[in-house]
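Please find the structures below.
Two complexes follow with chain A in common, the first pairing it with chain B and the second with chain C.
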Partner chain A sequence: MTDAALPRRQPIALRFPSVMIFLAILALFTVGVTILSEGFGIGVISTSFIKTLGKTLCLCLVALAMDLVWGYCGILSLGHMAFFGLGGYAIGMWLMYARTEIIVLESLSAAPLPPTPTEVSDGIASQIFGVVGASEFPPVWAFAHSLPLQLLAVVLVPGLLALVFGWLAFRSRVTGVYLSILTQAMTLALSLHLFQNDSGLRGNNGLSGLQNIPGLSDTPQSTVSIWFFWASAVALGLGYLLCAWVVSGKFGSVIRAIRDDEARVRFLGYPVEAFKLAIFTLTAVIAGIAGALYYPQAGIINPAEIAPIASIYLAVWVAIGGRGRLYGAVIGAAFVSLVSTWFTGGQAPDINLGFYTINWVDWWTVLLGVSFVCVTLFAPKGIGGLVDILIDRKSPSRHGADLGPDQGALREQEAEK
Partner chain B sequence: MSTLLEVSGVSVSFDGFKAINNLSFQIAERELRAVIGPNGAGKTTFMDIITGKTKPDEGRVIYGEKSVSLLKMSESKIAQAGVGRKFQRPTVFEDQSVFDNLMMALKKTRSPLAVLFFKPASEDNDKVAALAEQIGLSAALYRKSGELSHGQKQWLEIGMLLAQDPRLLLVDEPAAGMTPSEREHTTDILREAAKTRAVVVVEHDMEFVRRLNCKVTVLHEGSVLAEGSLDHVTKNQQVIEVYLGR
Partner chain C sequence: MLRFAAIFSACLTLAFPTSAQQTDAPIQQLLQSQSELIVESSRVTIGPAIDALANSGLPAAQVVMDKWQTREMWVNAETGLFVYAEEVDGDALRIFDFADGSEIGVVPDDGFEQLKPNSGIRGLIGTALVQFQLSDTDPDTRRRALDAIERGAEESHLAALRASLAKEPDAVILARKQRLERLLTIAYGATNEERIVAIQSFDGDLGVDVRAALNPLVAVRVEAAETLPSDPDIGRSLDPGSDALPRNDAYALLVDADLAKPRISVEDQREALIANIADGQVAGIQVATLDSQTARDMAYAALADQGTVTAVATEAEVDERLSDHVFYERYIGAPPEVVAAALLALEAIENKVALNQAFDLGLDALSLASIYFLAAIGLAITFGVMGVINMAHGEFIMMGAYTGYVVQLFIPDYTLSILVAIPLAFAVTFGAGVAMERLVIRWLYHRPLETLLATFGISIALQQLAKNIFGTQARPLTAPGWLDGSLVINDIVSISYIRIAIFVLALLFLALFLFVMNRTRLGLEVRAVTQNPRMAASMGINPDKINMLTFGFGSGIAGIAGVAIGLYAKVTSEMGSDYIVQSFMTVVVGGVGNIWGTLLGATMVGFLQKGIEWFNPSNTLAAQTYMILFIILFIQFRPKGIIALKGRAAEA
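Up next is the complex of A and B:
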């Protein structure tokens, strides 16, 4: 056997052409949208739609994280939107604090005496927490005055929660459906906690006015929206590169092996729990960053955002797009969330059946559910499978056998020959 | 030769059924040993105990010159300590190429961080190529292992075990489903491996065991019935009863 037959170490771009194609499409899309925007271009696309597109990019990023944890490592986490929400809350706290501080300082500047720090702090607190009948800062707001610290929290809070939760779950060898239920319980518990007024995060009111960036009150939203759109696009591009790097090489081999046959990986000497924990925590951090970019564009975050259903939607996006391939997750998240916006925004024409009118605002979830079932049954590769048809990539013929004994293992149709 | 693994007084029961009953077993370094026994004799459970999959109710499992107890170690730690295992059914990672399977098995640091930043050096690639040569899969190096025939998968798994470079190799029915010429090749690989490490082969097939030409341990109802050369144990009256007498 000569060396020539062994794979040469090529640059990542050549070994993974899909990465280059994806980044090129993302760049073209970003430039195109910018040219068509109100803020920087000819104004064909409204500012609110720019925000929708920017938010969609963030959803694509969290879908990437979901694909990494589920499609590649086989952990069907139904709680990743909790990390997304926590990232949003972390940045939202600073946004709200800093903006309220400006307002309070303005109103106090009329007073004959300059305000003391306590007066300022009390003013901000009563402004923010008046709505839940409190006027003091809860301990969780200790760092809300500092942007760097809250940015750190965007990464650390979801990361630490995932680390602790994952450590407890994985070391007890909780897998499959039981792990999914556990993650649902986690996100439900978190959302119920945040719904309480004394949770310190304004209960069901959540944090609002997040679209107003402190210090940029003179900059129109049409400009700010493009900035966030760019930031989201950059984050998605970097996230994609990071994920592509993680799943390539030996680490990718090991996590895919864990997905298909966990016990066997253990007998190879790999500490399976540590690998799962690493992936779970990494994806939680990515989700947190995605959330921190999403909510300033959405303008408001409340506990309903991290209700269990949100994380289930995330899994549905990845399934419809095609799990186990990074672009599949992005396509799924972008397609389903944009179509969802169209249907629930009242733009889709109602269908009059004579005896009953199908109103898409109500029937969209039914349609989504049916498509999910159909994709799972008839097209397990999802939309990403269309790429396989284009480049003539075939599935192996295994007479219906999965590629491994574990629940998350790749199915026959999902694999490539 | 010094003892590599010592199992003494081990018992394990599942819901009252004693799968292993006060079993004692020793193997020296660089020893080839065949373990035979009728169905339900506890052969697989015996391997499960050594590799940490099953924790026994009582007894000791001592390994290596430092005499560490394997009972308190996790499966991955035991594997890292140098115990490799081949399962009854070939279990390779079917969605990955022969190359990836072997590369994953290659003896390297197993921590997530080390794996993340791992880049195969040219000698690693050479090692994988040499292993593929040894198990007759050079031509299939970049094929997905799911496409391989049953016998090829068995070999790939043996190749992965060799790549792990274990000090103790536990092999569960390596020749199952192989053609006669494949069996011969497998015998050669195992005897070759036993020159540098201890190998325990669990097998049903007497012909295969005869070709291994090594000391044989007969298990029955969870304990050792007889031990010695194949001719010696097949003359043992109890062994004859167990195998033929029912």
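Up next is the complex of A and C:
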């Protein structure tokens, strides 16, 4: 932690060199990609790969949130991809509404009479909901016409859900694996709800055509993709700063203490539930924002993206990257999702064993599962642990004992700083 | 050629001299008396002829009608005598006498004309024939006649049915006839009293046919009037705008009855306005200003004032008209007294149906609960007793189901294959569980969150592995023939034998679990190791071995559950993940570490889900959603489940 010899009010950047290094790398990466892009540079990187990179940055942001809530606060939430998806749905509703409105107005303007408001909204509704056999706007779409309100929803919907769910769960002292299972149940309930056609969000069709930004129909996708890439990079940078700030001060010490020994922190007089609730809600909001940036680049969102398995993958990324350190989450998300794209995209060469050919599209998930088990067993620090070796950081020696007295407390080889 | 044919026919005639036809037999005389109508064969006029035949009481009448219906009746063009015949070849007939069925001889068909009744007439003949068939000596014919009446009852059937009751020798058919007679009485009884008695005799009967007979009696027609008439056949009055009578329908009723001016739909209004655009204006109003409904209404009213279009009712007029009138239902199916009796009977039936449906729902819920219990019982061991979070539990269920599928590939006999599959599934998943415990879980006993994650990794890998081996499509696991079909208790309550088998299996597992945990050495050692591994070790128990065996036992039970679930649902690589969250919920809701808690949890979850489905039957997704929400809330109030462990066991 902070070196006692340093003056107290030194800027955060100097106290945490890793933040500066991270931001510098992120800035360099952004500039580099811009120069190599089709929209603003020499066109080495295709637009679709720019989108992949932009999406990866958003995944890094949600992994940061996951690291904050799990790696620092010890809450293994299996619901953060649900918050991510909710953010995506919130922005997707506006994107779909506004774009359909433009199309409908265009088609109605050819009619001999100017359209009435009812005709316009009926037209939009039948365009959007025709696929699920409805032609009226469900109540959840009440604010879809307004970008500011939907942007507010990006923050408020995941935030409020996390607040209510977290309050219910934490106040009844549901902890550890029980909380994980409970969050997974919440995620399952949400995705099952969205799978229904009468959920008002087009059932399993989801929202589509989100890559077409209303009002920007003349701007080529190569330019729009760079804009979203920049926005994702800025969001990741800001998110990283925010997370570093949250975990740096006294607040950070308390949440780490909650992770290591919740009961002891409670005895010391801290309102443990309030701290956990604050972190849970904050990270849900970050996840929602990440989702709102991700889905316009992905172009489509459907309930399958919210299914519990997505949140499990999020935990896998953070674990492989190394939890309990912010850059670990970013490394894990970027590494695993890019490698996953490479393997499942069919670019990885097949391995011919003579009697059987390993086709990576089919076998990648098996490899991921097995390597995840190996990371959990043999390298609890994940890829981030390599940094420790690199800068020769030593863990405190407690002769192999758990740091906390309880089961599930961090063990020595995972502890750092 | 023709000449040859003629000669040949003549020879035939000579070779088989025709026996004389009985021209004075009563049946022939009857036919002769109706000859004109029969030959004319018109649906409109044929009635008296069929009646005369049917009511003649002659035994030959049935033969006549049979033959007539099947187009085997011919008439001699010369003498006008009726015969029935079968065609020998293209132009010769073997003719028979109706009077005694005797063969008259083979004759050329030149002199005969075939009667070809159209389908309408054949229907009339069929109806008339029913009375003969109902008293036929062959029970099958009688049953077929009853079937025919059930399919399409007619008023005339009632008398025929009643007439045949007295002569019915077969008790079963008699009972059917009596029931049918009462049903027909409801519909066609001559007097109200008779019909009411028949209705009351069906009090509380669950048969669909009874409801089908009663429902037309209580049919209603919605009518409108200035004031509510006090006729006895008036049912409830309706509010326009309510669910039973939407506002538009109510107004359409008034328009149809010429009680109000018609309205115009938005589309028609738009068409009318467009048709009357002149110089960018409609009735002097700029087209560009017509971008709201009020503006369009005004433009249309202006057009109506000019007389270009017909005037229509405005919204205010619509409201006024609607409030001026009352809307009510008039019973048109039967006289009021009969309607009252039918309503009473229907209500009684509905109540009984609801009761039976609730019972049926209970059975459904019980079988769902047994499935959840089966899926969760392995977890009750690994999670409940050992405290190991095994997220790959669902994949063990899947492995068991696939084992069953593979066994069926090799052993085609379904009964035998299931008997082989159950121990084999146990062995496979026991092995997998032991391997997993040895390789992964034992390193993570102190770190439940890591266990959860590592088993997730295994779960993902196993699922994909199954996908690679067996493909993504669902594989069948066929139940033995004796488990097909269902136990039908009445028209509403039934339960399939597979569900009963799963229920029995769940009970067997419960017994097995209790026996192993409480009555065997292994169970004793398992309990000892879970409570205090060090103490157990110092007593000579090998905790490593016990943990391994316990985990294997829990996994093995999951494998058997997989076979059972595979019989009931399709086998896919994702079937495990369908059950994993519910299984954990079942264990957590019930109370960790207690098998009775798991049983209660499964029962609660099963009944809850079916209960929610009952409110919204078409939507099982919604039922699952609400069930999970309920469980989340339930855990708020009983965080340790229904049966919470107390004392030392809870701390272990």
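The definition used in the following text is that the second predicted complex is superposed on the first by the 403 of 417 C-alpha atoms of A that agree within 3 Å, B and C clash if a C-alpha of one lies under 4 Å from a C-alpha of the other, contacts with A are read in each partner's own complex, and residues count from 1 in each chain.
Here, a contact is a pair of C-beta atoms (placed from the backbone, for glycine too) under 8 Å apart; a residue touches a chain by one contact, two chains touch by 3 or more.
Note that the structure is a prediction, hence the values are computed from the model and not measured.
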Which of chain B and chain C A:I181 touches, first, second, both or neither
second
Considering only the touch criterion stated at the top, classify A:G237 as touching first (chain B), second (chain C), both, or neither.
neither
First (chain B), second (chain C), both or neither touched by A:T116:
second
Looking at the overlay, what does A:W363 touch: chain B (first), chain C (second), both, or neither?
second
Determine, under the contact definition given at the top, whether A:G291 touches first (chain B), second (chain C), both, or neither.
neither
Can A:V373 be said to touch chain B (first), chain C (second), both, or neither?
second
Could you tell me if A:P158 is touching chain B, chain C, both of them or neither one (first, second, both, neither)?
neither
Touch test for A:A315: chain B only (first), chain C only (second), both, or neither?
second
Dominant contact partner of chain A by residue count, chain C or chain B:
C
Taking the stated contact definition, name every residue in chain A that is touched by chain B in one complex and by chain C in the other, in rising order.
none
Using the touch definition up top, name the residues of chain C that touch chain A in the complex.
266, 270, 273-274, 277, 287-293, 296, 389, 440, 443-444, 446-454, 456-465, 467-468, 577, 581, 584-585, 588, 619, 621-622, 624-625, 628-629, 631-633, 635-637, 639
Touching residues (chain side chain B, partner chain A) in the complex
51, 53, 74-77, 79-80, 84-85, 87, 91, 93-96, 99-100, 103-105, 110-112, 115-116, 118-120, 122, 125-126, 128-130, 132-133, 138, 141-142, 144, 146-147, 160, 164
Complex contact set, residues of chain A against chain C:
74, 76, 112-119, 165, 168-169, 171-174, 176-178, 180-182, 184-186, 188-189, 192-193, 195-196, 198, 308-309, 312, 315-316, 319, 362-363, 365-366, 368-373, 376-377, 380, 402, 407-408, 411
Chain B-facing residues of chain A, complex
1, 3, 5-7, 9, 246, 249-251, 253-254, 256-257, 260-261, 263-264, 266-272, 274-275, 278, 396, 398, 403-404, 410, 415, 417
